[in-house]
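Same chain, two partners: subunit A is paired with subunit B first, then with subunit C.
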Partner chain A sequence: MLVLQSIILGIPQGALYGLMGFGIALIFRSVGTMNFAHGNAGMVCVFVAFSVFTATGSIILSILCGIIVGFLLGVIIDKALMGPIKHLSHAGMLMITLGLLMIFEGAAQLIWGTDYQQFPELLRGEPLIMRLGENKLIMPLNDLLITAVAVAVSIIIALYLKYAKLGIATRARAQDPIGAKVVGIDTNMVDSLVWGIGISISVLVGILIAPKTYIHPGMMGNMQIYGFTAGVLGGFESLFGAIAGGLILGILEKLVGAYISPDYQLSIVLIIIIIMLAVKPSGLFGKKSSGRV
Partner chain B sequence: MKKFVYLAVIGLVLGLLFISESFMLMIFSSIIIFGIAALGLNILNGYTGQVSIGHGAFVAVGAYVTSVMSMNFHTPFILNILVVIVCAGLLGFLIGLPALRLKGFYLAIATMAFGVAIQQLFAAIHIFGGHGGLYGIPRLIKSEFGMYLFNLGFFILMYFIADVITSSPVGLKYRMVRDSETASKAYGIKLSSVKLNAFVVSAIYGGIAGALYAHTITYISPADFGLGLSINLLSMIIIGGMATLEGGLIGSVIITGLPFLFSRTKVPMSIIIGALIIIFVLFFPRGLSYGLKMAFLKYLQMPLVWFRKLRARRAKRDGDWVEVNGKKIFYTSRGEGKPIVMLHGNLGCGLWYSRVMDLPGYRTIALDMVNFGRSDRIKDSEMSSYALYLRGFIEKLGFKDVFLVAHSLGGAVAMEMAFDAPELVSRLLLIDPCPIDGLHTPEEHYPFLELYKSNPRMLKKSLLAIAPHIGDMKFLNSLTDNAYLMNRDSFIAHPRGLDKVNLTERAKSFKKPVLVVAGAEDILINREMAEATADALGGSVLILENIGHSLMVEDPDLFKEVLLNFDE
Partner chain C sequence: MLQVEDLKVNYGHIKAVKGISFYLKKGEIVSILGANGAGKTSTLFGLGGIVKREGSVFFKEENIPSSASVKSAKMGLILCPENRRVFPELLVEENLRMGSFARGEFKERLAFVYELFSKLKERRTQTAGSLSGGEQQMLAVGRSLMSDPELLMLDEPSLGLAPVIVDELFRVLVKLKDKMTILLVEQNALKALKISDRAYVLQNGNIVHSGTSAELLADESVKKAYLGM
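And now, the complex of A and B:
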């Protein structure tokens, strides 16, 4: 029964990890930058949402503001910093995103301080309780919502990439930047758009976990590591690999927590990705062909 | 060896200056300790090109192992450090294994995961004190000054070892792997063993730094060794300078020292460090160490340049001036008889012929060409302009049938002039001349040529390289002095001009006797170039053993012999 309960609790957690990995993979696949500042960029925008919430008291407005600011932040990062340095080596881009990570952390500390701030849950109420014979399975309502949002967002983005004109342009740019330019796609615009969408996803994840972790400058640190892990597990080659990887990760984490000790959750998960990277760097669902979004 | 003595002396003086302020000494100690860790990371990241953002883990291992051993078993430090080396090395080996298959971003993710995993493990295991960490780790030496000296000694030792490693064949392999994996494979280098080697060495550096940290600060907690420390170490080598030994220490001074500078303000350190990382990656990718070195080479010796110029102007030289096209040309004349006009090379002047001017039966004339020595400056540094002034000079002195001797760059000028006005020239003796189709200077040499402008030591060395058998250092010194009288722009313009020289076509109509002499040890003009020049001019070649680029300063007697033989 513990297994089932762990799985049920692991799914919402995993959906968030997956969404995080999804955003990172989206940027990586299309623009070619592994964004190590992904979590912290989201964190800053969650703080913005929090400020809006304290000022107006409206949750919907604050979430909207957070996501819009996240989109703008992504566009600014691309236009001002990452766009002009596409020629740089991987190591160079890596260091720049690490620098961004530090700057975001410092900026949040400077503006909002290091205190833990509370953010309300989106859905409150009695958790869903299922009875299986003598055992009870518990699913908190908010977790249900998180799972639903994560699934919805990934489906929307999948549809967007599949059918929307800009989505097709994004895929074209990922497959072949020069070819995309030849057929008249403004790749710079597409890059900015991808950055914007990626960071907004990170903001969304931040807002969804905020009730649990509280809002503080380090709130997304582990989340980002889980996001990378999800990406590695599922393979950065395919976006849905990241979602699936995230789900596996979430369930695995809860199982480790239930059967070994919660203290070892993170380290065991991390050791798994190191092994995964060593054995199959393309991930569980990775394909040989590259260039798909 | 010198730099280790400097390091020790500077460290000692700093320590003595602040001997009563234990807080300052502690800051110095932590700078040195993180300097060791950064040095290790530089071996991995700078020299071998393997990104690591999990280096804090090795520091953590060093710190925890030595703490637990000395607190629980009271083992001596020497034993602890050996265990630390083994543990850190093993761990480096372990993370090195998956890293063999990974590159770029994936390697970064793996090392980051590794760093966080180790940190979390230490926080989870009871014997390591959990999240709270360990308190009251025994100090090795009671006084802060003693501890500082101990750390300093360790730093110098580790610096020395790093110096040995990076300058050994292993260090060369590191750099080959960094620059091109395919090429190093082609040279028979086993990529996996080189990378593992770098991982292990760099991990050991981290471990030792951690051990020193634990005994100096006496309190450790997992939070000290997280992603933050790894990024700080990385930023140290970015700011200090990748693939330099001193880069880690310079970066450590900045990154470890800054928080104390900003302690009064509310600005969080991470903003400053983050901004520094981005600024350095974008605008100063070679880091502070390169900047400091260049400043040293470029500006510190400027007074010496002025001094040398002054000395060259003041020195006594017998001679006369002739005005050609409004520009005064300085020349020295000796003896009476058949006229010989001698042309010096780049960075030269008439003085280069001072040892060979006594030729019985000849009137030897050595001039400073325009833009050189005591003659006037002209606007450009083209060989054809020099040739025009040379022609004017010869006409002004009223010579016909001049015996032209020319060295190096002068060779190009002499050829140009001789083709313009063959009637003025009776024969041509070219000493290691610029090849008939130009002398190409690789683009990457130009920054060094730029440095010659302001660095007399380098210029002197390069003159020694083109006149290896000069023997008389005083003479070399005065040649260096006079080189600085050359037009400053010409330092760069001359090699560019020589690159453009192409006289092959015009040489065909030249029918006067020509002899091309080249030293076998010449590093600029090789045998093929000399032969090609002689072929084009229809002349003969003479290759001289044990002579470099400059026959007339290296072996004056041989020069005279060659010249007289040629004239017979």
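And now, the complex of A and C:
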């Protein structure tokens, strides 16, 4: 029963890891750089949402503001920082994201301080109580919401990438940039869009996790690591591998917590990355195809 | 239709195209011939806005700036690049849909392309990466045709294809002649000259010969260097 309980508890957490990995993989596939600042870019925007919330008291408005600012931040990162060096060096782009990681953390400390701020749960009320044989499993409503949002966002983005003209163009651009150019796809615009969507997802993850972690400059550190791991586990080549990887990770984490010790949760994650890279570098769902196409 | 003046393409210090001028009239098929590294692909990349270039390009009397791939695609100056450049993990039909990204009415063009290449219709729910080389080349040409080109620039369409398929492809090109103007870059010089009205010969980034196909076919030095006769 403990197994089932761990699985159920692991799903909301894993869904967030999955979304995080999905955003990182989306940017990686299209633009070709690992975004180390993914979590912190989201964190800054969660602070913006928090400021809007303290000023207006409206949760919906603050979430909307956070996500919109996240989208704009993504577009600005692409246009101002990535654009000039996009064709020159992937390593350069990687260094920029590392720089951003630190800049965002420092800026958040300067502007909002290092205190832990509280952000309200989006859904409060009677938790869902499930009977598992003799045990009772208590599932907070907010966790259910997290799962629902993560599933909904994944489905929306999946449909967008599969059927929308710009969504197909996004995949096309990732698979062959020259092919995309000759059919008249504005590849720079697609890149900006990808950055915008990617960072928005990170903001959403930040807002969903905020009631648990509180809002502070380091709130997304673990998310960044878990997001990467989700991507490595599922394979960066397939976007939905990241979501599956995230879910596996979330469940595994709870299982480790239940059977071994909560202290080992993070180390297990890092061990998984190493084993995965050694055994199957393309990830569980990755194909052996060339490069990042 | 197309007027190119003093076109130059540089990659760093390497001068791939050293200031060439040429033109195309509406309804013509014009070939650019030359050995590997002569600057053929760079010329087309410069025209299609894939790489930076210098010099002036006028298409339908309108100036096309450098690196304006979106603008040229929208105006109907369409490049079918070397090595196919199809989207391997997209389905055949998704590839064709992308062909009509900038212009071209999707359904109408799709019917036209499927009629031209019936193989593509059979394989429309397969990924492009799973097609054979010949089918991928058909797809690349089909994708270019989706955008209803006014001037189609084809870069080495016969590269790596079996002779039967090359023949089929060239038959299609002749069929397209009354619908669009074609600028053809080809290693298979004899085949290209047979369907072309005129041709330019590139060597080390300069045009060294030009004339009607009949003139070039009769020219001893061209024959020796490019036709192996």
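Remarks
Here is the rule we use: the second predicted complex is superposed on the first by the 286 of 293 C-alpha atoms of A that agree within 3 Å, B and C clash if a C-alpha of one lies under 4 Å from a C-alpha of the other, contacts with A are read in each partner's own complex, and residues count from 1 in each chain.
Going forward, a contact is a pair of C-beta atoms (placed from the backbone, for glycine too) under 8 Å apart; a residue touches a chain by one contact, two chains touch by 3 or more.
Because the structure is a prediction, the values reported are computed rather than measured.
Considering which of subunit B and subunit C touches more of subunit A, the answer is B. In the overlay built on the shared chain, the residue A:101 is in contact with subunit B alone; subunit C does not reach it. Of the two partner chains placed around the shared chain by superposition, subunit B is the only one that A:278 touches, whereas subunit C remains out of contact. Applying the stated contact rule after C-alpha superposition, one finds that A:165 touches subunit C and leaves subunit B untouched. In the superposition on chain A, contact is made by A:184 with subunit C only, not with subunit B. In the superposition on chain A, A:175 makes contact with subunit C only, not with subunit B. Subunit C meets subunit A in the complex at residues 48-50, 69-70, 72-74, 78-81, 85-90, 94-95, 97-99, 101-103, 129, 143-144, 146-147.
Within the complex, the subunit A residues that touch subunit C are 165, 168-169, 171-172, 175-176, 178-186, 289, 293.
Residues 28, 34, 36, 81, 85, 88, 90-92, 94-96, 98-107, 109-110, 221, 225, 228-229, 232, 261, 263-264, 266-267, 270-271, 273-275, 277-278, 281 of subunit A are the ones that touch subunit B when the two sit in their complex. Residues 49, 51, 53, 95, 97-98, 101-106, 108-110, 112-114, 116-118, 120-121, 123-124, 227, 231, 234-235, 238, 266-278, 281-282, 285 of subunit B touch subunit A in their complex.
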